[in-house]
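Please find the structures below.
There are two complexes below, and they share subunit A, which is joined by subunit B in the first and by subunit C in the second.
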Partner chain A sequence: MESRTSVPGEAAQLAALTRFLQDFCKTAELPSAAALPFEIALEEIFMNVVMHGSPAGRLARVDVSLVLRDDDLTMAVVDDGPAFDPLSLPAPDVNAALDARRVGGLGVYFVRQMMDAVSYAREGPRNQLRMSKRVMRANAAPAGTNPG
Partner chain B sequence: MFDIHQGPAGEVIMSGRLDATQCDAALKFLGALARPGVIDLGGLEYVASAGLRVFLLTQKRAKAMGGGLKLINVHGPVHDIFRYAGFDQVLDITRAGD
Partner chain C sequence: MNSRIEKIDNVTLIVAQGRLDFSAAAAFQSQVEQVMAGAGGAGAAVVIDCEGLEYVSSAGLRVFLLAARNAQRAGLDFSVCALQHAVREVFELSGFSRVMAVHPDRATALKSATQKPA
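What follows is the complex of A and B.
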(Lines of atoms letter the chains of each structure in order from A and count residues from 1; the text may use other names and numbers.)
(Lines give C-alpha, C1' and ligand atoms only; values in the text may rest on other atoms or scores of the structure.)
Protein backbone atom coordinates (compact mmCIF):
# COMPACT_ATOMS: atom_id res chain seq x y z
CA MET A 1 0.00 0.00 0.00
CA GLU A 2 1.35 3.42 -0.99
CA SER A 3 0.24 7.00 -0.93
CA ARG A 4 1.80 10.39 -1.57
CA THR A 5 0.98 14.05 -1.26
CA SER A 6 2.66 17.38 -1.88
CA VAL A 7 2.25 20.71 -0.06
CA PRO A 8 3.99 24.09 0.16
CA GLY A 9 6.33 24.37 3.14
CA GLU A 10 4.18 26.57 5.34
CA ALA A 11 2.92 25.84 8.87
CA ALA A 12 -0.74 25.99 7.87
CA GLN A 13 -0.22 22.78 5.87
CA LEU A 14 0.61 20.71 8.97
CA ALA A 15 -3.05 19.84 9.57
CA ALA A 16 -3.49 18.60 6.00
CA LEU A 17 -0.34 16.47 6.22
CA THR A 18 -1.42 14.99 9.54
CA ARG A 19 -4.81 14.14 8.07
CA PHE A 20 -3.11 12.51 5.06
CA LEU A 21 -1.09 10.32 7.45
CA GLN A 22 -4.08 9.49 9.65
CA ASP A 23 -6.21 8.56 6.64
CA PHE A 24 -3.48 6.25 5.37
CA CYS A 25 -3.13 4.54 8.76
CA LYS A 26 -6.90 4.15 9.04
CA THR A 27 -7.21 2.61 5.59
CA ALA A 28 -4.32 0.28 6.45
CA GLU A 29 -6.10 -0.61 9.71
CA LEU A 30 -3.13 0.39 11.82
CA PRO A 31 -3.90 1.08 15.49
CA SER A 32 -3.52 4.69 16.67
CA ALA A 33 -0.51 3.71 18.79
CA ALA A 34 1.28 2.76 15.57
CA ALA A 35 0.40 6.05 13.86
CA LEU A 36 1.54 8.32 16.71
CA PRO A 37 5.34 8.08 16.21
CA PHE A 38 4.82 8.92 12.52
CA GLU A 39 2.59 11.89 13.40
CA ILE A 40 5.31 13.23 15.68
CA ALA A 41 8.10 12.56 13.16
CA LEU A 42 6.07 14.26 10.41
CA GLU A 43 5.50 17.38 12.53
CA GLU A 44 9.17 17.58 13.55
CA ILE A 45 10.60 17.15 10.06
CA PHE A 46 7.98 19.25 8.30
CA MET A 47 8.30 22.14 10.77
CA ASN A 48 12.09 22.07 10.28
CA VAL A 49 11.49 22.63 6.57
CA VAL A 50 8.93 25.36 7.33
CA MET A 51 11.44 27.20 9.50
CA HIS A 52 14.61 26.72 7.45
CA GLY A 53 13.58 25.55 3.98
CA SER A 54 12.26 28.74 2.43
CA PRO A 55 14.96 31.42 2.43
CA ALA A 56 14.41 34.54 0.32
CA GLY A 57 10.67 34.09 0.38
CA ARG A 58 10.42 31.19 -2.08
CA LEU A 59 8.28 28.52 -0.39
CA ALA A 60 9.82 25.07 -0.39
CA ARG A 61 7.80 22.23 -1.92
CA VAL A 62 7.39 19.26 0.42
CA ASP A 63 6.48 15.78 -0.81
CA VAL A 64 5.46 13.13 1.71
CA SER A 65 5.12 9.49 0.77
CA LEU A 66 4.03 6.49 2.80
CA VAL A 67 4.70 2.88 1.94
CA LEU A 68 3.42 -0.04 3.96
CA ARG A 69 5.13 -3.27 3.02
CA ASP A 70 4.67 -6.35 5.15
CA ASP A 71 4.75 -4.85 8.65
CA ASP A 72 7.10 -1.97 7.88
CA LEU A 73 5.80 1.54 7.41
CA THR A 74 8.21 3.88 5.62
CA MET A 75 7.68 7.63 5.43
CA ALA A 76 9.79 9.84 3.17
CA VAL A 77 9.77 13.62 3.48
CA VAL A 78 11.40 15.32 0.48
CA ASP A 79 11.85 19.09 0.12
CA ASP A 80 13.53 21.38 -2.41
CA GLY A 81 14.95 23.77 0.20
CA PRO A 82 18.66 24.39 0.86
CA ALA A 83 20.77 21.32 1.65
CA PHE A 84 20.31 20.43 5.30
CA ASP A 85 20.86 17.15 7.10
CA PRO A 86 18.82 17.25 10.33
CA LEU A 87 20.61 14.09 11.46
CA SER A 88 23.81 16.16 11.74
CA LEU A 89 22.34 18.11 14.68
CA PRO A 90 23.94 17.33 18.05
CA ALA A 91 21.77 15.39 20.49
CA PRO A 92 20.13 17.60 23.12
CA ASP A 93 21.07 17.25 26.78
CA VAL A 94 17.98 15.55 28.20
CA ASN A 95 19.44 15.71 31.72
CA ALA A 96 20.21 19.43 31.88
CA ALA A 97 18.89 21.65 34.67
CA LEU A 98 15.78 23.71 33.92
CA ASP A 99 17.63 26.95 33.18
CA ALA A 100 19.83 25.25 30.60
CA ARG A 101 17.02 23.43 28.82
CA ARG A 102 16.44 24.12 25.13
CA VAL A 103 13.97 22.55 22.75
CA GLY A 104 16.28 22.85 19.70
CA GLY A 105 17.35 19.40 18.57
CA LEU A 106 14.64 17.62 20.55
CA GLY A 107 12.49 16.99 17.48
CA VAL A 108 15.18 15.10 15.59
CA TYR A 109 16.06 13.29 18.81
CA PHE A 110 12.43 12.09 19.04
CA VAL A 111 12.54 10.87 15.45
CA ARG A 112 15.70 8.86 16.12
CA GLN A 113 14.24 7.44 19.34
CA MET A 114 10.91 6.43 17.86
CA MET A 115 11.87 5.07 14.46
CA ASP A 116 13.66 1.80 13.70
CA ALA A 117 15.67 3.42 10.91
CA VAL A 118 16.28 7.02 9.78
CA SER A 119 18.40 8.16 6.85
CA TYR A 120 19.16 11.41 5.04
CA ALA A 121 20.25 11.94 1.46
CA ARG A 122 20.72 15.02 -0.70
CA GLU A 123 19.48 14.01 -4.12
CA GLY A 124 20.02 16.71 -6.72
CA PRO A 125 18.27 19.85 -5.48
CA ARG A 126 16.29 17.99 -2.82
CA ASN A 127 16.65 16.83 0.78
CA GLN A 128 15.27 13.39 1.40
CA LEU A 129 14.61 12.09 4.89
CA ARG A 130 13.43 8.51 5.11
CA MET A 131 12.04 6.94 8.30
CA SER A 132 10.75 3.46 8.88
CA LYS A 133 9.33 1.46 11.70
CA ARG A 134 7.72 -1.90 12.17
CA VAL A 135 4.01 -1.52 12.90
CA MET A 136 1.45 -3.97 14.23
CA ARG A 137 -1.75 -4.23 12.27
CA ALA A 138 -4.98 -4.06 14.27
CA ASN A 139 -6.46 -7.09 12.54
CA ALA A 140 -3.38 -9.31 12.75
CA ALA A 141 -3.88 -12.09 15.28
CA PRO A 142 -0.71 -13.37 16.96
CA ALA A 143 0.49 -16.66 15.51
CA GLY A 144 -1.07 -19.73 17.11
CA THR A 145 -4.16 -18.00 18.45
CA ASN A 146 -7.70 -18.47 17.36
CA PRO A 147 -9.53 -15.16 17.35
CA GLY A 148 -12.79 -17.11 17.50
CA MET B 1 -8.67 20.22 17.70
CA PHE B 2 -7.00 22.10 20.58
CA ASP B 3 -8.58 23.86 23.52
CA ILE B 4 -7.17 25.67 26.53
CA HIS B 5 -9.25 27.24 29.26
CA GLN B 6 -9.39 27.71 33.01
CA GLY B 7 -11.38 25.35 35.24
CA PRO B 8 -13.45 26.22 38.32
CA ALA B 9 -10.53 25.82 40.73
CA GLY B 10 -8.22 28.02 38.65
CA GLU B 11 -6.47 25.08 37.03
CA VAL B 12 -5.65 25.24 33.34
CA ILE B 13 -7.33 22.56 31.22
CA MET B 14 -5.78 21.61 27.87
CA SER B 15 -7.31 19.16 25.44
CA GLY B 16 -6.85 17.95 21.89
CA ARG B 17 -3.66 18.26 19.88
CA LEU B 18 -0.98 20.73 20.91
CA ASP B 19 0.91 20.82 17.62
CA ALA B 20 3.25 23.50 16.32
CA THR B 21 0.37 25.59 14.96
CA GLN B 22 -1.32 25.85 18.39
CA CYS B 23 1.69 26.82 20.50
CA ASP B 24 1.36 30.59 20.11
CA ALA B 25 -2.25 30.46 21.35
CA ALA B 26 -1.27 28.26 24.30
CA LEU B 27 1.66 30.51 25.24
CA LYS B 28 -0.51 33.61 24.98
CA PHE B 29 -3.12 32.07 27.28
CA LEU B 30 -0.57 30.89 29.84
CA GLY B 31 1.36 34.16 29.62
CA ALA B 32 -1.76 36.08 30.65
CA LEU B 33 -2.03 34.13 33.92
CA ALA B 34 -0.54 35.82 36.96
CA ARG B 35 0.62 32.52 38.47
CA PRO B 36 0.44 29.39 36.31
CA GLY B 37 0.24 26.27 38.50
CA VAL B 38 -1.86 23.16 37.92
CA ILE B 39 -2.40 22.14 34.28
CA ASP B 40 -4.82 19.28 33.70
CA LEU B 41 -3.73 17.36 30.60
CA GLY B 42 -6.42 14.67 30.88
CA GLY B 43 -7.75 15.56 27.44
CA LEU B 44 -4.40 16.16 25.73
CA GLU B 45 -3.89 13.56 23.01
CA TYR B 46 -0.77 14.77 21.28
CA VAL B 47 2.35 16.83 21.84
CA ALA B 48 5.70 17.09 20.01
CA SER B 49 8.80 19.22 20.61
CA ALA B 50 7.10 22.53 19.76
CA GLY B 51 4.44 21.78 22.37
CA LEU B 52 7.06 20.87 24.96
CA ARG B 53 8.53 24.35 24.51
CA VAL B 54 5.23 25.79 25.80
CA PHE B 55 5.64 23.86 29.06
CA LEU B 56 9.35 24.64 29.31
CA LEU B 57 8.91 28.40 28.91
CA THR B 58 5.96 28.45 31.32
CA GLN B 59 7.85 26.41 33.89
CA LYS B 60 10.81 28.80 33.71
CA ARG B 61 8.45 31.72 34.33
CA ALA B 62 6.65 29.94 37.18
CA LYS B 63 9.94 29.01 38.86
CA ALA B 64 11.22 32.58 38.55
CA MET B 65 8.15 33.63 40.54
CA GLY B 66 8.87 31.04 43.22
CA GLY B 67 6.21 28.60 42.04
CA GLY B 68 6.14 25.74 39.59
CA LEU B 69 3.86 23.84 37.25
CA LYS B 70 2.02 20.67 38.20
CA LEU B 71 0.96 18.66 35.15
CA ILE B 72 -1.78 16.22 36.11
CA ASN B 73 -3.75 13.40 34.43
CA VAL B 74 -1.07 12.95 31.75
CA HIS B 75 -1.92 10.01 29.47
CA GLY B 76 0.56 7.29 28.53
CA PRO B 77 1.62 8.39 25.01
CA VAL B 78 1.92 12.06 26.03
CA HIS B 79 3.76 11.05 29.21
CA ASP B 80 6.20 9.08 27.06
CA ILE B 81 7.06 12.24 25.10
CA PHE B 82 7.79 14.18 28.30
CA ARG B 83 9.94 11.30 29.50
CA TYR B 84 11.87 10.89 26.20
CA ALA B 85 12.79 14.57 26.50
CA GLY B 86 13.83 14.16 30.13
CA PHE B 87 11.18 16.72 31.09
CA ASP B 88 10.07 14.51 33.96
CA GLN B 89 13.25 15.78 35.67
CA VAL B 90 12.35 19.47 35.43
CA LEU B 91 8.54 19.32 35.70
CA ASP B 92 6.17 17.87 38.29
CA ILE B 93 4.20 15.33 36.21
CA THR B 94 1.49 12.95 37.40
CA ARG B 95 0.18 10.26 35.08
CA ALA B 96 -3.51 9.65 34.55
CA GLY B 97 -4.69 7.01 37.01
CA ASP B 98 -1.81 7.51 39.48
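What follows is the complex of A and C.
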Protein backbone atom coordinates (compact mmCIF):
# COMPACT_ATOMS: atom_id res chain seq x y z
CA MET A 1 0.00 0.00 0.00
CA GLU A 2 1.35 3.40 -0.98
CA SER A 3 0.19 6.99 -0.90
CA ARG A 4 1.75 10.37 -1.56
CA THR A 5 0.90 14.03 -1.27
CA SER A 6 2.58 17.36 -1.88
CA VAL A 7 2.07 20.66 -0.07
CA PRO A 8 3.76 24.08 0.14
CA GLY A 9 6.06 24.38 3.14
CA GLU A 10 3.85 26.60 5.28
CA ALA A 11 2.52 25.96 8.80
CA ALA A 12 -1.12 26.05 7.68
CA GLN A 13 -0.52 22.77 5.80
CA LEU A 14 0.19 20.78 8.97
CA ALA A 15 -3.48 19.87 9.46
CA ALA A 16 -3.81 18.59 5.87
CA LEU A 17 -0.64 16.48 6.23
CA THR A 18 -1.82 15.04 9.53
CA ARG A 19 -5.15 14.10 7.92
CA PHE A 20 -3.30 12.48 5.00
CA LEU A 21 -1.33 10.32 7.44
CA GLN A 22 -4.36 9.48 9.58
CA ASP A 23 -6.40 8.48 6.53
CA PHE A 24 -3.59 6.21 5.34
CA CYS A 25 -3.29 4.54 8.75
CA LYS A 26 -7.04 4.08 8.96
CA THR A 27 -7.25 2.50 5.52
CA ALA A 28 -4.32 0.25 6.42
CA GLU A 29 -6.08 -0.67 9.67
CA LEU A 30 -3.14 0.36 11.78
CA PRO A 31 -3.93 0.89 15.46
CA SER A 32 -3.56 4.47 16.71
CA ALA A 33 -0.53 3.47 18.80
CA ALA A 34 1.25 2.56 15.55
CA ALA A 35 0.28 5.82 13.85
CA LEU A 36 1.43 8.04 16.69
CA PRO A 37 5.22 7.96 16.12
CA PHE A 38 4.59 8.85 12.48
CA GLU A 39 2.30 11.74 13.45
CA ILE A 40 5.01 13.10 15.73
CA ALA A 41 7.73 12.58 13.11
CA LEU A 42 5.68 14.20 10.36
CA GLU A 43 4.96 17.29 12.46
CA GLU A 44 8.54 17.65 13.69
CA ILE A 45 10.19 17.20 10.29
CA PHE A 46 7.61 19.24 8.38
CA MET A 47 7.80 22.13 10.88
CA ASN A 48 11.60 22.09 10.53
CA VAL A 49 11.15 22.63 6.80
CA VAL A 50 8.58 25.37 7.45
CA MET A 51 10.98 27.17 9.81
CA HIS A 52 14.20 26.75 7.85
CA GLY A 53 13.39 25.48 4.38
CA SER A 54 11.97 28.58 2.73
CA PRO A 55 14.52 31.35 2.29
CA ALA A 56 13.07 34.79 1.58
CA GLY A 57 10.68 34.91 -1.31
CA ARG A 58 10.44 31.25 -2.20
CA LEU A 59 8.21 28.71 -0.50
CA ALA A 60 9.62 25.18 -0.31
CA ARG A 61 7.64 22.30 -1.81
CA VAL A 62 7.23 19.31 0.49
CA ASP A 63 6.38 15.82 -0.75
CA VAL A 64 5.35 13.16 1.73
CA SER A 65 5.05 9.51 0.81
CA LEU A 66 3.96 6.51 2.84
CA VAL A 67 4.70 2.92 1.95
CA LEU A 68 3.43 -0.03 3.95
CA ARG A 69 5.17 -3.25 2.99
CA ASP A 70 4.70 -6.33 5.11
CA ASP A 71 4.78 -4.85 8.59
CA ASP A 72 7.10 -1.95 7.86
CA LEU A 73 5.78 1.54 7.38
CA THR A 74 8.19 3.93 5.66
CA MET A 75 7.58 7.67 5.46
CA ALA A 76 9.69 9.91 3.27
CA VAL A 77 9.61 13.70 3.60
CA VAL A 78 11.27 15.42 0.64
CA ASP A 79 11.69 19.19 0.26
CA ASP A 80 13.38 21.47 -2.23
CA GLY A 81 14.72 23.91 0.38
CA PRO A 82 18.41 24.60 1.13
CA ALA A 83 20.51 21.56 2.05
CA PHE A 84 19.90 20.70 5.68
CA ASP A 85 20.41 17.44 7.51
CA PRO A 86 18.24 17.49 10.66
CA LEU A 87 20.09 14.38 11.87
CA SER A 88 23.22 16.53 12.23
CA LEU A 89 21.61 18.46 15.09
CA PRO A 90 23.14 17.70 18.49
CA ALA A 91 20.98 15.63 20.83
CA PRO A 92 19.26 17.69 23.52
CA ASP A 93 20.23 17.24 27.16
CA VAL A 94 17.18 15.36 28.45
CA ASN A 95 18.61 15.42 31.97
CA ALA A 96 19.10 19.17 32.29
CA ALA A 97 17.45 21.05 35.17
CA LEU A 98 14.25 23.00 34.52
CA ASP A 99 16.02 26.35 34.08
CA ALA A 100 18.49 24.96 31.57
CA ARG A 101 15.89 23.14 29.48
CA ARG A 102 15.50 23.93 25.81
CA VAL A 103 12.94 22.58 23.38
CA GLY A 104 15.18 23.02 20.32
CA GLY A 105 16.36 19.65 19.06
CA LEU A 106 13.69 17.67 20.92
CA GLY A 107 11.62 17.06 17.79
CA VAL A 108 14.44 15.37 15.88
CA TYR A 109 15.35 13.49 19.05
CA PHE A 110 11.79 12.09 19.20
CA VAL A 111 12.06 10.98 15.58
CA ARG A 112 15.34 9.15 16.25
CA GLN A 113 13.99 7.52 19.40
CA MET A 114 10.60 6.51 18.03
CA MET A 115 11.62 5.17 14.61
CA ASP A 116 13.48 1.95 13.86
CA ALA A 117 15.53 3.60 11.11
CA VAL A 118 16.07 7.20 9.98
CA SER A 119 18.26 8.39 7.14
CA TYR A 120 19.00 11.65 5.37
CA ALA A 121 20.19 12.20 1.82
CA ARG A 122 20.66 15.28 -0.32
CA GLU A 123 19.56 14.26 -3.77
CA GLY A 124 20.10 16.97 -6.37
CA PRO A 125 18.23 20.05 -5.17
CA ARG A 126 16.22 18.13 -2.57
CA ASN A 127 16.50 17.02 1.04
CA GLN A 128 15.18 13.54 1.62
CA LEU A 129 14.45 12.18 5.06
CA ARG A 130 13.29 8.57 5.29
CA MET A 131 11.87 7.07 8.45
CA SER A 132 10.65 3.56 8.98
CA LYS A 133 9.24 1.49 11.75
CA ARG A 134 7.71 -1.90 12.14
CA VAL A 135 4.01 -1.58 12.83
CA MET A 136 1.52 -4.06 14.12
CA ARG A 137 -1.69 -4.24 12.15
CA ALA A 138 -4.93 -4.38 14.11
CA ASN A 139 -6.07 -7.62 12.48
CA ALA A 140 -2.70 -9.37 12.24
CA ALA A 141 -1.40 -12.18 14.42
CA PRO A 142 1.38 -11.10 16.79
CA ALA A 143 4.87 -11.41 15.36
CA GLY A 144 6.47 -14.79 15.98
CA THR A 145 3.24 -16.70 16.28
CA ASN A 146 2.57 -19.45 13.82
CA PRO A 147 -1.15 -19.91 13.28
CA GLY A 148 -2.06 -23.56 12.82
CA MET B 1 -7.72 21.29 20.83
CA ASN B 2 -9.80 23.02 23.45
CA SER B 3 -9.44 23.62 27.15
CA ARG B 4 -11.52 24.83 30.05
CA ILE B 5 -10.74 26.16 33.51
CA GLU B 6 -11.96 24.80 36.83
CA LYS B 7 -11.24 26.23 40.24
CA ILE B 8 -11.21 24.12 43.40
CA ASP B 9 -10.15 26.06 46.52
CA ASN B 10 -6.62 27.32 45.85
CA VAL B 11 -6.14 25.03 42.84
CA THR B 12 -6.79 26.14 39.26
CA LEU B 13 -7.22 23.25 36.86
CA ILE B 14 -6.66 23.65 33.14
CA VAL B 15 -8.48 20.76 31.49
CA ALA B 16 -6.86 20.20 28.09
CA GLN B 17 -8.51 18.17 25.34
CA GLY B 18 -7.57 17.11 21.84
CA ARG B 19 -4.29 17.63 19.99
CA LEU B 20 -1.61 19.99 21.23
CA ASP B 21 0.43 20.41 18.06
CA PHE B 22 2.26 23.39 16.58
CA SER B 23 -1.02 24.92 15.37
CA ALA B 24 -2.63 24.77 18.81
CA ALA B 25 0.41 25.66 20.93
CA ALA B 26 0.29 29.49 20.78
CA ALA B 27 -3.35 29.79 21.86
CA PHE B 28 -2.89 27.22 24.63
CA GLN B 29 0.23 29.00 25.85
CA SER B 30 -1.54 32.33 26.19
CA GLN B 31 -4.38 30.65 28.06
CA VAL B 32 -1.94 28.99 30.47
CA GLU B 33 -0.16 32.33 31.01
CA GLN B 34 -3.47 34.02 31.76
CA VAL B 35 -4.42 31.34 34.26
CA MET B 36 -1.06 31.59 36.00
CA ALA B 37 -1.32 35.35 36.25
CA GLY B 38 -4.72 35.03 37.90
CA ALA B 39 -4.04 31.93 39.98
CA GLY B 40 -3.60 33.79 43.23
CA GLY B 41 0.17 34.13 43.54
CA ALA B 42 2.54 32.25 45.81
CA GLY B 43 1.00 29.25 47.56
CA ALA B 44 -1.71 28.70 44.96
CA ALA B 45 -1.56 25.72 42.61
CA VAL B 46 -2.07 25.18 38.89
CA VAL B 47 -2.71 21.71 37.48
CA ILE B 48 -2.95 20.86 33.79
CA ASP B 49 -5.33 17.91 33.56
CA CYS B 50 -4.34 15.96 30.44
CA GLU B 51 -6.91 13.18 30.59
CA GLY B 52 -8.46 14.30 27.30
CA LEU B 53 -5.18 15.25 25.65
CA GLU B 54 -4.45 12.82 22.82
CA TYR B 55 -1.27 14.19 21.31
CA VAL B 56 1.62 16.48 22.21
CA SER B 57 4.55 17.35 19.93
CA SER B 58 7.72 19.24 20.86
CA ALA B 59 5.88 22.52 20.12
CA GLY B 60 3.24 21.48 22.64
CA LEU B 61 5.81 20.41 25.22
CA ARG B 62 7.25 23.91 25.10
CA VAL B 63 4.02 25.21 26.68
CA PHE B 64 4.49 22.84 29.63
CA LEU B 65 8.13 23.86 29.99
CA LEU B 66 7.31 27.59 30.05
CA ALA B 67 4.46 26.97 32.49
CA ALA B 68 6.73 25.05 34.89
CA ARG B 69 9.32 27.84 34.74
CA ASN B 70 6.73 30.59 35.26
CA ALA B 71 5.32 28.70 38.22
CA GLN B 72 8.76 28.33 39.77
CA ARG B 73 9.36 32.08 39.46
CA ALA B 74 5.92 32.98 40.82
CA GLY B 75 6.06 30.52 43.72
CA LEU B 76 3.09 28.57 42.36
CA ASP B 77 2.73 24.84 42.77
CA PHE B 78 2.56 23.38 39.25
CA SER B 79 1.79 19.85 38.14
CA VAL B 80 0.30 17.84 35.31
CA CYS B 81 -1.90 14.79 35.66
CA ALA B 82 -3.62 11.92 33.87
CA LEU B 83 -1.30 11.64 30.85
CA GLN B 84 -2.54 9.29 28.14
CA HIS B 85 -0.03 6.77 26.87
CA ALA B 86 0.95 8.83 23.81
CA VAL B 87 1.52 11.97 25.85
CA ARG B 88 3.34 10.13 28.62
CA GLU B 89 5.75 8.77 26.04
CA VAL B 90 6.88 12.25 24.91
CA PHE B 91 7.11 13.42 28.52
CA GLU B 92 9.35 10.49 29.33
CA LEU B 93 11.50 10.63 26.20
CA SER B 94 12.08 14.35 26.69
CA GLY B 95 12.85 13.91 30.38
CA PHE B 96 10.12 16.45 31.22
CA SER B 97 8.61 13.98 33.66
CA ARG B 98 11.79 14.44 35.69
CA VAL B 99 11.62 18.24 35.90
CA MET B 100 7.92 18.67 36.69
CA ALA B 101 5.45 16.90 38.94
CA VAL B 102 3.40 14.32 37.03
CA HIS B 103 0.48 12.70 38.85
CA PRO B 104 -1.37 9.59 37.67
CA ASP B 105 -4.82 11.17 38.02
CA ARG B 106 -6.68 14.31 39.00
CA ALA B 107 -7.47 13.14 42.54
CA THR B 108 -3.78 12.58 43.32
CA ALA B 109 -2.86 15.95 41.81
CA LEU B 110 -5.51 17.76 43.86
CA LYS B 111 -4.49 15.97 47.04
CA SER B 112 -0.86 16.90 46.52
CA ALA B 113 -1.71 20.52 45.64
CA THR B 114 -3.98 21.10 48.62
CA GLN B 115 -1.66 19.41 51.10
CA LYS B 116 1.09 21.96 50.53
CA PRO B 117 1.06 24.79 53.08
CA ALA B 118 -0.42 27.97 51.60
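Here is the rule we go by: the second predicted complex is superposed on the first by the 141 of 148 C-alpha atoms of A that agree within 3 Å, B and C clash if a C-alpha of one lies under 4 Å from a C-alpha of the other, contacts with A are read in each partner's own complex, and residues count from 1 in each chain.
By definition in this document, a residue touches a chain if its C-beta (ideal position, glycine included) is under 8 Å from a C-beta of that chain, and two chains touch if they have at least 3 such contacts.
Note that this is a predicted model, so its numbers are computed, not measured.
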Overlaying the two complexes on subunit A, which is it for subunit B and subunit C: clash or fit? clash
With both complexes overlaid on chain A, does A:Ala11 touch subunit B (first), subunit C (second), both or neither? both
For A:Glu123 in the superposed arrangement: first (subunit B), second (subunit C), both or neither? neither
Let me test your reading of the model: by the given contact rule, A:Leu98 touches which partner, first (subunit B), second (subunit C), both or neither? both
Should A:Asp70 be classified as contacting the first partner (subunit B), the second (subunit C), both, or neither? neither
Please write out, lowest number first, the residues of subunit A touched by both subunit B and subunit C across the two complexes. 11, 14-15, 18, 33, 36, 39-40, 43-44, 47, 92, 94-99, 101, 103, 106-107, 109-110, 113-114
Along subunit B, where are the residues that touch subunit A in the complex? 1, 19-21, 46, 48-50, 52-53, 56, 59-60, 63, 77, 81, 84-86, 89-90
Write out the stretch or stretches of subunit A touching subunit B in their complex. 11-12, 14-15, 18, 33, 36, 39-40, 43-44, 47, 50, 92, 94-99, 101, 103, 106-107, 109-110, 113-114
Parts of subunit C lying in touch with subunit A, wherever the complex brings them together: 21-23, 55, 57-59, 61-62, 65, 68-69, 72, 85-86, 89-90, 93-96, 98-100
Subunit A residues touching subunit C in their complex are 11, 14-15, 18, 32-33, 36, 39-40, 43-44, 47, 92, 94-99, 101, 103, 106-107, 109-110, 113-114
